[in-house]
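In C-alpha cells below, several structures.
What follows is a pair of complexes built around chain A, which joins chain B in one and chain C in the other.
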Partner chain A sequence: MSDIQTTLRTRAAELLSSGEVVEVIGWTAGRFDNQTTPAFITKAEDAESLVFNEYCVNTTSKFSLMERGLGKVAVCVRGCDSRGINRMITDNQLKREEVHLIGIPCTGMKDRKTGEELLKCRECSYRNPVVYDELIGESVTEPELNRFDAVEKLEAMDQAERAAFFDSVYERCIRCYACREVCPVCTCKSCFVDQLAAGWQGKRSNVAENKFYGLTRVFHVGDRCVECGECQRACPMDLPLMLLNRKMIKDLDLLFEAGEAGLDAEGTNPLGTYDVNDVEEFM
Partner chain B sequence: MSRIGVFVCHCGSNIAGTVDISQVLEASKDLPNVVLAADNKYTCSDQGQQAIKDAIVEHGLDRIVIGCCSPRMHELTFRKMLTQTDLNPYMLEIANIREQCSWVHKDKEVGTPKAIGLMKMAVAKVDRDRPLFTMNIPVNKRALIIGGGIAGMQAALDIADAGYPVTIVETTPSLGGKMVMLDKTFPTMDCSACICTPKMADVGSHPNITMKTLSEVEKIGGYVGNFEVTIRERAKYIDYDKCTGCGLCETKCPVKVESEFDQGMGMRKAIYKPFAQAVPAKPTIDAAHCRYLNEGKCKVCSKVCPLGCINYEDQDKVSTEVYGAIIVAMGYKLINWADIYAEYGGGRYSDVITGLQFERLVNASGPTEGHIIRPSDGAEPKSVVIVKCVGSRDPEKGRSYCSRACCMYGAKHAHQYLDKVPGGKCYVFYMDVRTPGKGYDEFYMNTQHDGAQYLRGRVSKIYEQNGKLICKGEDTLSGQQVTVEADMVVLETAMVPADDADRIGAMLGITRDKDLWLSEAHPKLRPVETNSGGVYLAGTCQGPKDIPDTVAQASAAAMKVAILFSKDELESNAMIASSDPAICNGCGACVAICPYQAITLEEVEMRENSMKVIRPISKVNPGLCQGCGACTVACRPGAMDLRGFTDEQIMREVEALCQW
Partner chain C sequence: MSVVNDSQAVGTKDGTGEFEPTILAFACHWCTYSGADLAGLNRMNYPANVRLLRVPCSGRVNPQYVISAFNKGCDGVLVCGCHPGDCHYVSGNYFAKRRLMAFKRLLEYSGMEPGRFQVRWISGSEAGKFRDTVIQVCADIKNLGPLQDREADALASISVADLQKGAEAAGASASSESAVAQAATANGNAEKAGE
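Showing the complex of A and B:
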C-alpha cells in the first residue's frame, strides 16, 4: 500500500503541474492514525499530503460532482468508486471527459473503531476498478462470495418476523439522510424528502415515516445501485441499508435480467424502461 | 381563497337512486372554500348548464365541481359551457359519482358515503386548479403513407383526390402488396389483378402522389402536423427517367433467382420487374444476386439496354421531409409454418404449400400459367387436402386469434381446384367455418355443392408414402380418425404482423397488442386512430382482415387525414407534462419512459455550487405530449408534473380521502 501511496503522490503532482487536471480527489491523513479524510488537492506541492492506506473508507465518486465546472478533475477510484462514476455518467450527471480516473486495486478497508474489515468491503465483489485512465498498483484477485447471503435470510423469514425486523430497523432511523448524501446514484438536485410543499414525506420521525423514506429510497436507487455500500457505512445508526437494496437488485435481476449497475457507462434503468417481453405476472 | 361551486346531478334516478343527494349537498357545503352547493335533475341539459352559468355570476364562483357521470362522457360538454363564462374552461373538476359509484352500488347506505368521499376529493383538487391554455400548432398538409399495398394505395388515392400531396413508401420494387399476388377474390370471383392494377396505375400517375418504391422509413421525429421523416430510397441501378420498361435487359440477364412475387413457385432474373403489371413498370437490379455487382464481370444488361439506363454506381438516396399526418399500412406476413409445424413435414415436402403459393399456381399470369400442378413432379394433383387454421386459433404453437380471411379463401381454393381439375377430390379440414360477410356463406355452400368435402377437425400429421401425402386427422363430427391420401396439401396459414411493424410502431409511439399487431386508439370508437396524434392505421397492420374491410379502413383513415388537413392550425392539448428546470437533474428517466418520444434533453448552462456547469434538462414537446403522465411517475425528484393533474393536486385528493 505504501508503494501505491508513493506512486499516487508522484502522479498527482505530475498531473497537477502539467495542467492536465485542476484538482486531484483522494484521501489525506485524519486526526488519528487510523483515520483518513477526503482530500481535494489543487497544488502540485500539496500532493505529498495524499494518503492511501487501509483506512480510506470514503468512496470518492460523489465528490467529483461537487467539483463540476472547475475543469478536469482527477479522481482516485477503486472498484466501488469506479462503478459510481460509470453510473453518474449513465445518469447524465458527469461526462467521462470531465474526469481523469486514477485506478487503484483495493484489498478492503478497515473499520476505525473495531479494526476489522468493513462490511461493505467484505461484501464487495469488484475490488479492481472497472474503468480508469491509469492504474496504480497490481490487480488483485476478486473474492468469491454470495452477496445475497443476508437477503436470503430475510426471504426465509415469515411475514410477522419480517415486519418485526423492519420495525426494529426503522425505529432506530433518525432520518439524518447521510445515506442519501454519500450515495453516488442519489444525484437529484432536489430530493423528494425536501419538497415540503408537495408533502411527499411527512416531517415526523416515527416508524411509519421512516419506513416510507427507506422504501421510497430503495425504489429510487435500487435499480441503479452500484453496491458500493457507502450508505451503510455512513449510517450513524448502523442500519443494514444494503439489505433492501440488494433484495431489489436480486429481484430485478430475476425478473428483468437487470444485471449489475455501473459496470459500464451504458446502463439502463430497469424500473424506468418497458419491453414487451417483460414479465407481467400481475396482469 | 378560492370560491368553489359544487353541483350535484341526479341524472334522473341513475345517481339519485343509490345516492342520497341531499346528504351529499349537506356534506359538500361545509368543505373548505365551498360557497355554494346545489343539485339538478339533469345537469348536462340546457337548463342545468344555464343554472351553473347563472350561479357563477350570482355567487362570484371562480371554479366549479360537478358530481355527475364519467368525465369521458361530459367533461368536454362542461368545458365548452365554461367558455361562455368568465372562467377558464379548466377550472372544473368532475366527480364521477355515476359509473364509479351509483351504478356499482345497490343501496344508498353504501353509495352515499362513497359519493361524499368522491366529492371531497374533487373539491380538494379543484382548489389547486390553475387556468390552462392551449397552443396553436401549424399543420403541414402533406401525408405520408407507409406501405403500398391495397390499404396504402386506397388511402393515398383518397387523400390525393381530396387535394393534398401524398408520399407513398413501399419496401418492395412495386406497389400492389399481397392483393396483386392473389388470383381471384371471394365471393364474387373477380380477378384480383383486374381490380388492383388499375389502382396501382392511378397511384403511379396521380399528380398529387409521389411514389417511393424500394424505400424505407428510417427515422421519424416531430409530432402531429409536423412529422420530420427520413426516407431511404435504395439504389435501383436504373435511371428511371430514361427507362421505358422495354424489358430487353430482363430477357438477357443470365442470373436466375427464386421469385418473391411467385412465392418461390417460379424464377426471376437478377435485373427484374416483379410482375408484368408492376408499378413503376421498370426493372431494378437485385444487388445481392447481380453477377457484375458481385463478381465484377457481366454487364449484359448494360450492353443490351438501348437507352443506356443501367448505372452500376447508383447509391441509396436519403431525404428528410416534413409531413402533417402518417398512415401506417404495412400489412402482414404469413406465419412461418415450417418452423412450428414439424408434423406437417416442416417444409420437407415440396407438395405441401401455403395458400399464397396456391394463388400463384392457379393464377393465369403465374409461373404455371394457371395450371394446378404439383411442385415436385409437375403432375396434376388428383386429390388435394386443404388445412385451415394453420397457426391461427392455436395458442400452443401459433397464435390464439382467428385470421378471419382463411375460411373464405380456403373455400375459394377448393372451388378453384374443383373447377380446374375435373374429377379431382378436395378435402377441407376445418375447426369452424366462419363466413360473416355479404355473399360469403352462399359462396361456402356453393363450394360444398361443387364437391368439396369438409371434415371438422385438425390434421395431426402429414407424411409421404409412395409418392402420396398421407394426412391423418380426426373427423370430430363422426368421432372417427380419418386418413386421406393427397397429391398436394394447401395450408391456409395465419396472418402475423409484418417484420418491420415493431420498428415503425416504436418510432411512431404506437402501442402493440398482445399479438403484436399495431393498436388502434379504441377498439370500437376510434378504430383507425392511434394513441399518437396524426398517426392512423389502415389494413392488416392493425389485425387480420379481408380486402373489403381493408379498403374501408383505408378510406376511413384517409378521411381522418382530410379532416386534420382541413384546418390550418391545430389546438394542442392543454393538459400536458412540463418539467421544472430548477428541479430536473437531467437523468433522462422521462425520456426513456415516454411512449410518444415527446421528451428530449437539452443542454443548459446553470450555476451550481457557485460554478457554471452545463447540464441536460428535460423538455416536453407540447405537440407530441398526450398527457399520459408516465414521465411524472418516473421522475424521482418530481420535476415533471402534469398540468391539470399535478402532484400537489393528487396529494390533496389523497389527504381529503384519508380525512373522510
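Showing the complex of A and C:
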C-alpha cells in the first residue's frame, strides 16, 4: 500500500505540474492514524499530503461532480469509485473527458472503530477499477461471493417478521440524508425531500414517514445503484440500506435482465425503458 | 389531507361492527375510469369501500402516492390502467408495468402483506371486470384486516448482523472474530430498538 501511496504522490505532482489536470481528488491524513479524509489537491507541492492506506473509506466518485467546470480533474478510483463514475457518465452527469482516472486495485478498507474490514468491502466483488486512464499497483483477484445472500434470507422469512424487521430499521433513521449526499447516482438538482411546499410528502421522523423516504430513495436509485455501499457506510444510524438496494437490483435483474450498473459507460436503464414482451402479472 | 374523511367513512375501525376497509383506486382517464362509468350506467353493484381517483394515465402513478395513501389511512391501494398496447399515450402503461412490478416486490419485501397493493388492466368496455376486481380486492383487504392494527412496535426476531453473516462466510477474507464483533453490534442494536 505504501508503494501505491508513493506512486500516487509522484503521479499527482506530475499531472498537476504539467497542467494536464487542475485538481487531484484522493485522500489525505485525518486527525487520527486510523482515519483519512477526502483531499482536493490543486498544487503540485501539496501532492505529498496524499495518502493511501486501509482507512480510505470514502468513495470518491460523487466528489467529481462538485468540481465540474474547473477543468480536467484527476480522480483516484477503486472498483466502487470507478463504477460510480461510469454510472454518472451514463446518467449524463459527467463527461468522460472531464476526468482523468487514476485506478487503484483495492484489498478492502477497514472500519476505524472496530479495525475490521468494512462491510461494503466484504460484500464487494469489484475490487479492481472497471475503468481507468492509468493503473497504480497490481491487479487483485476478485473474491467469490453471493452478494444476495442476506436478501434471500429476508425473502424466506414470513411477512410479519419482515415487517417487524423493517419497522425496527426505520425506527432508527434520523432523516439526515447522508445516504443521499454520498450516493453517486443520487444526482437530482432538486430532491423530493427538499420540496418543502409539497405537503403530501411526509417530513416527520417516525416509522411510517421514514419508510416513505427510505423506500422512495431505494426506488429512485435501485435501477442504477452501483453497489458501492457508501450509503450504508455513511449512515450514522447503521441502517442496512444495501438489503433494500440489493432487493431492487435482484428483482430487476430477474424480471428485466438489468444486469449490474456502472460496469461500462453505456449502462442499462431497466425502469426507463420497456419491452412489449415483458412478463404480464397484472391482467 | 386525509383520505379517510369521517363523513364519508363507510365503516368502522374501532371494533364495532364489521371492518369496512378504505381502498384507494387510481383509475386511468381513458380506460378504467370509463369502465367504471359504464359499470355505473349499467347499474352494477360493487362495494362502496373504494374511492376512485382519476389520473391521466397509469404511468402517472408515482409509487410515492401509494406509500402516502397507506400512511394516510388507506387499507388497500389499487392501480388500474389500459391493457398493454391500448395506452392513449402509447407506452405509459408499459412503463407503469415495469415500475409497479418492481415496486410491489419492494413493498412486500419491506413488510406489506401481498394483496394490499394490487394492479389491474381494465379497459373502457370492461364494466364487469371493473366490478369483479373491486369486489375481489375489497374481499382480500377485508380478510387482511385494518392496516393500522399491525403491531408497529413488535420487535424484530432477526438482527441485521444475523443476515450479514452469510455474506461474510462466503467472503474469502472474513474472520471468525468479525462475526463475534458483528454479533455484539447486533445485541446493541436490539437493545436500542427495544428502548
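Everything that follows uses one rule, which is that the second predicted complex is superposed on the first by the 281 of 283 C-alpha atoms of A that agree within 3 Å, B and C clash if a C-alpha of one lies under 4 Å from a C-alpha of the other, contacts with A are read in each partner's own complex, and residues count from 1 in each chain.
In this text, a residue touches a chain if its C-beta (ideal position, glycine included) is under 8 Å from a C-beta of that chain, and two chains touch if they have at least 3 such contacts.
Note that the structure is a prediction, hence the values are computed from the model and not measured.
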item	value
Touched partner set for A:Phe165, first chain B, second chain C, both or neither	second
Partner chain in contact with A:Arg122 - chain B first, chain C second, else both or neither	second
Which superposed partner A:Tyr274 touches (first chain B, second chain C, both, neither)	both
Touched partner set for A:Met66, first chain B, second chain C, both or neither	first
Partner chain(s) touched by A:Gly30 [first = chain B, second = chain C, both, neither]	neither
Chain A residues touched by each partner, larger count belonging to chain B or chain C	C
First (chain B), second (chain C), both or neither touched by A:Phe192	both
First (chain B), second (chain C), both or neither touched by A:Ala208	second
Which superposed partner A:Trp200 touches (first chain B, second chain C, both, neither)	both
Those residues of chain A which chain B touches in one complex and chain C touches in the other	192, 200, 272, 274, 276
Complex interface listing, chain A residues touching chain B	66, 68-70, 91-93, 187-192, 195, 197-200, 220, 268-269, 272-274, 276
Residues of chain B touching chain A in the complex	512, 516, 582-589, 592-593, 601, 608-609, 611-613, 615-616, 634, 636-639, 647-648, 651
In the complex with chain A, residue positions of chain C that touch it	1, 63-64, 67-68, 70-71, 83-85, 91, 94-95, 97-103, 105-114, 119-121, 150-158, 160, 162-164, 166-168, 170-175, 177-178, 181, 185, 189, 192-193
Footprint of chain C on chain A - complex, ascending	108, 114, 116-117, 119, 122-123, 143-147, 149-150, 153-155, 157, 159-169, 171-172, 192, 200-202, 207-209, 211-212, 215-216, 218-219, 222-223, 238, 240, 243-244, 247-248, 251-252, 255-256, 270-272, 274-276, 278-283
